[in-house]
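In what comes next, chain A is part of two complexes: it sits with chain B in the first one and with chain C in the second one.
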Partner chain A sequence: MTISAAEASEQVRRKDIRDRWLLSAPALILIAVAGVGPLLIVVLYSFLAPGNYGDVKWQFSTDAWFSVLFTRDIFDDTLSIADAHLSIFWRSIKLAIATTGLCVAFGFPTAYFIATRPSHNRQIWLFLITIPFWTNMLIRAFAIQEVIRNEGIVNTLLMKLGLIAAPIPMMFSDFAILLGMTYVFLPLMVLPLYASIEKLDFRLIEAAYDLYASRWNVLFRVIVPLVKPGLIAGAILVFIPALSSYVIPRVLGGGKNLMIGNLIELQFGQGRNWPLGASLSVTLVIIVLVAMLYYVKNASKSGGAHG
Partner chain B sequence: MHQQPAGTTRGGDIDMQNVVKDFGHFRAVDNVSLKIASNEFFTLLGPSGCGKTTLLRMLAGFEMPTGGKILLDKADISLLPPNRRPINTVFQNYALFPHMTVAENIGFGLKMLGRPKAEIEKVTQDMLRLVQLEARGKHLVTQLSGGQQQRVALARALAPQPKVLLLDEPLSALDLKLRKSMQIELKRLQMETGITFVFVTHDQEEALTMSDRIAVMSEGKVRQVGAPDAIYDRPADRFVADFIGETNFLAADVVSVNGNVARVRLASGKEIAARFAEGTQPSGKVTVVIRPEHARAAAVSAEADLKGTIQTIVYLGTDTHIHAVLEDGTHFTVRQQNSRSGPCGFSTGEQIGIHMSDDVAQILRD
Partner chain C sequence: MAKPFSVRRVPGFSTIAMICFIGLYLPIVTLVIYAFNAGTSIAIWEGFSLRWFQSAWNNAQVIDASIRSLQIAVTASVVATVVATMAAIATTRTVQYRGLTFKYAFINLPLLVPEIVTAVALLIFFSRVKVWTGYSGLGYLIAAHAAFCVPFAYLPIRARLESMDLTLERAAADLYATPFQAFRYVTLPLLWPGVLAGFMLGFVISLDDVVITEFVKSGGQDTLPTYMLGQLRRVVTPEMNAISTVFLLLSFAIVTIFFFLSRTEKTS
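Presenting the complex of A and B:
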């Protein structure tokens, strides 16, 4: 049997498409089962009514979504903005942004330092950077607590040296949360930044110097634009877990300094309001999504003509 | 520092005094003293690893000399950082900023100098025209071919009107044809701008065709400085003679010295005239050098200066190289121009006589 060239190429094309689907099937299935599935369940729960002892009642309700933003007065039914929720959201966003900023501030010099070591030493430095990953985040949070609590290492030392008379209270504050999150998420900033800086062509820095650039200009007109992919990756990797952080604010922030993660946990635990927990979760996802879209769009826009 | 208006640029003159550079225990540049005049096209030539790049990097300010001084227009610049020297570099691999357009690359230096926008704009356009890339100003440099990137690198380095332009093997990545045309282009630019060019290459032909003067380097030292013809015709030592062009080395005995010409006896027993460097007094056993194109092959005869057997014949288009072994075992190459009637007319294994016109041999200083 003979087939025309057009038919043959059509067959090849179809086979190509089939192969492509087959090859990506495992990944697609994983995304569907582990990613999209649970998310859909969360969205579904957010439109149900709370059960009496946790769980959900299978009836449609928008109450949960309503109470993300508003509270109904128990006595006269008047509506008011849910200040508590909004302030927790706002605090979380501020803390996540501050953490990202601190991680850049500490992570960039660190990554630059490692990337400019002789290549056999770099492995050792990278290894050291990843060591904190080996222990559970809870343990690390308690370790920080051990450093900064009133009877902790820092206060004891300062008092022994006679620099302070009474311990400086550092626990259960935004400072404690920021310190903890920066410590915990720093490697997530250093590693992608390192990967970018390591690929940087250092002759470009010489070229900039040669063309009369000051140190400042070399940094902001040449180095930063060129390591931007690493900076973006690092910022995303830090911002997202920082925003939904749960363990750190729980241990270091105490009961008063909640973040979104703690608020959500509260709904599934003591609050016994799963739909509210679910709708808060979805809200968090939406915030992250909007932030990322905005960020990536801005980053790519200023990509070519930075500075 | 860069106050001169366009068009009146005058290159700076460089005075390197006993410059030394050590990397740990390794001496990369060894006591180099060079004076480079303003507006000169000066070339550093030498084999790989001889310290050319290191010397150039000290001129640019990327390396600080371990010893000695570098003066620019009589002022000591040895310790100034690169961004304070009115010297720009064309890097071997161009080192263009990949995140900027062609125009942004070219304007970078002026922008860093804080020049007004209008001036940057104008100079950038002038430079784009100079390197014939008018239409490419808005392109990203990554979208250009190698030759075009080379020209952007050149324009970028020229835009701030430096007093000295340093070029580290700027043509080595280009194919032969492009390289030839860029050689002419560079020479033209140097003459038009009047900027002092310090050019690094390990290609001796490139050095000979482009330079006003050449410094031949080896192992961190300058072996000889001079105009291309001086270097080629009167190599100072064996290294230079060997490195520049092809050379025949012959052992000889000095018979007599008359003025600045000596008579030397070759191993064949024949005597020929040979020049020697001023201030030297050749005697006894010496080495003479004879360029292949200064010898001529002919049928064996009593008049021939040397006799040999042809080992290989290499056809080169315009010329033919005849590699022969002399009676005493020395190798000798003759370069003959090919005529219309074809190559030399000899064949491998044949006996030939080699003739030299007077005054072509040169006694090497030892």
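Presenting the complex of A and C:
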């Protein structure tokens, strides 16, 4: 039997694709087994009943999802909104937004500064931004803790100078979490912003000045709209890890100032309500996905290719 | 004293940038300085001493956790680099085929899922597997670390591959090289900087991980970061600073090598 050239090339193509699947299989399997696959189990668990000593009972139940938002009074069975959960969600969202805002406020000028350096110096400045990013997050949180604790540098210094009589308590507060998250996530804002600002066409700014634009107008009506893709990318890159932050509230927020991540952990520790923990996890993933979709939609609208 | 007008300058931006750079480094520098404190305080300076480095060195738990951290980071990043290299070869320099977009998305998926959620998912899954198989060794931690290192290893390798064309490998094939020889003597040497970059990224990411390790580890499997997280709840001595300093030095060395590697790559 003879085969035509077209059939032969089709066979070669098929074999090539099969080989490519075989080559990528180990990575896909590894991620499926020890990465994202177990998320399906989390979804499943969120629809089961809690076991007596942690884990789950194998019976269908929507109680966990119900108690994400509501609590049932144990005496008269009346429903009320689960204030504890909602206030933690709300606090997490507020803190993540505030962190994003602070990162823009500090990161934008920094990225602009780096992008306007002579080109041979830019790499060094970028390197300086990147180093803290690659150092352990726990160590950076610990470094912030050392600076702001009661017997820390700031308080010791202020007391030595006679400006304050007693240390200002800064640890274990929302302020500490906010400071820590801004500190830790700032590079995530600077890097994409830099990529956008570097491509900025400064002739446009010159044109704006020629047309008697004030500095303020140039900044907010020329520069900011032009670097919007970088701004959105940075905001998403900061907002998502800030919202799901676990280590920083644990180290800097103490036991009282929980964020969603800590609330989830509690359900698998002392609270021992695994289905509730699972449904809280799924809720967090949904919020993150919504934020991502918003980003993708905006990125495609502004039509820019960016990282 | 008016500065010459420049269209690039925005007043105040340089000041804020300087505050950022100082702010980024001040806490780290303070942390490192107090590692050399002779006293037991992490805020009151009592003279220079190496006692805390010595005390960390003699702390069996610290050494134990450090060795475990390195074991996991090396194994996990080697595994991640190997599978990521294979996946990168399979997903670049090809015509669009069904499943290609899926592969891209799936490999990068671990970057999108909040770490705490992955940690919880692995806790549930592995605790079942531990009961079924009776095995509770380091394998779980290595697998989990390797999985979240794959996207980090994949990105630089893929970037490198995409900038390489197929002509040299075709030439090798024309000269009767077997596919393996062509890969070993042509593709791999060209790809090497990307592979090395991917490996180092994976290594640093694995070494730094706290959340997933904290949830996946069995008893007595502390890595250095989870050991430190446990210690932070107690009264902290400069020993923590000393451990952090050594840790920082290691990360700094790796990032510096990475930086120069990617720089020579660009200039060549």
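By definition in this document, the second predicted complex is superposed on the first by the 250 of 307 C-alpha atoms of A that agree within 3 Å, B and C clash if a C-alpha of one lies under 4 Å from a C-alpha of the other, contacts with A are read in each partner's own complex, and residues count from 1 in each chain.
Assume a residue touches a chain if its C-beta (ideal position, glycine included) is under 8 Å from a C-beta of that chain, and two chains touch if they have at least 3 such contacts.
No experiment lies behind these values; they were computed from the predicted model shown.
> Which partner chains sit in contact with A:206 here, chain B, chain C, both or neither? Use first/second/both/neither.
both
> Of chain B and chain C, which one contacts the greater number of residues in chain A?
C
> By the touch definition at the top of the document, which applies to A:42: first (chain B), second (chain C), both, or neither?
second
> Just to be sure I read the superposition right, which of the two partners does A:217 touch: chain B = first, chain C = second, or both, or neither?
A:217: touches chain B, not chain C.
> Mind working out whether A:62 is in touch with chain B, chain C, both or neither, as first, second, both or neither?
neither
> Examine A:147 and indicate which partner it touches, taking first as chain B and second as chain C; both and neither are also allowed.
Once the two structures are laid over each other on A, A:147 reaches chain C alone.
> Which chain A residues come up in both lists, the one for chain B and the one for chain C?
In the superposed arrangement, which is not itself an observed complex, chain A uses residues 206, 209 for both chain B and chain C.
> Please name which positions on chain B make contact with chain A in the complex.
60-62, 81-83, 87-89, 91, 93, 95-101, 104, 108-109, 112-113, 140, 156-157, 160
> Flag every residue of chain A that touches chain C in the complex, lowest number first.
Per the touch definition, chain A meets chain C at residues 16-17, 19-24, 26-28, 30-39, 41-42, 45, 55, 105-107, 109-110, 112-114, 116, 123, 127-132, 134-140, 142-147, 149, 151-153, 156, 183, 186, 190, 202, 205-206, 209, 215, 219, 223, 240-241, 243-244, 246-247, 250-251, 260-261, 264-265, 268, 274, 277-278, 281, 284-285, 288-289, 292.
> Considering the complex alone, what residue numbers of chain A touch chain B?
201, 203-204, 206-214, 217, 221-222, 225-226, 303-306
> Using the touch definition up top, name the residues of chain C that touch chain A in the complex.
Residues 7-14, 16-17, 19-21, 23-28, 30-31, 34, 41-44, 79-80, 82-84, 86-87, 89-91, 94, 97-99, 103, 106-107, 109-110, 112-118, 120-125, 127, 140, 143-144, 146-148, 150, 154, 204, 207-208, 210-211, 215, 225, 228-229, 232, 236, 240-241, 244, 247-248, 251-252, 254-255, 259, 263 of chain C touch chain A in their complex.
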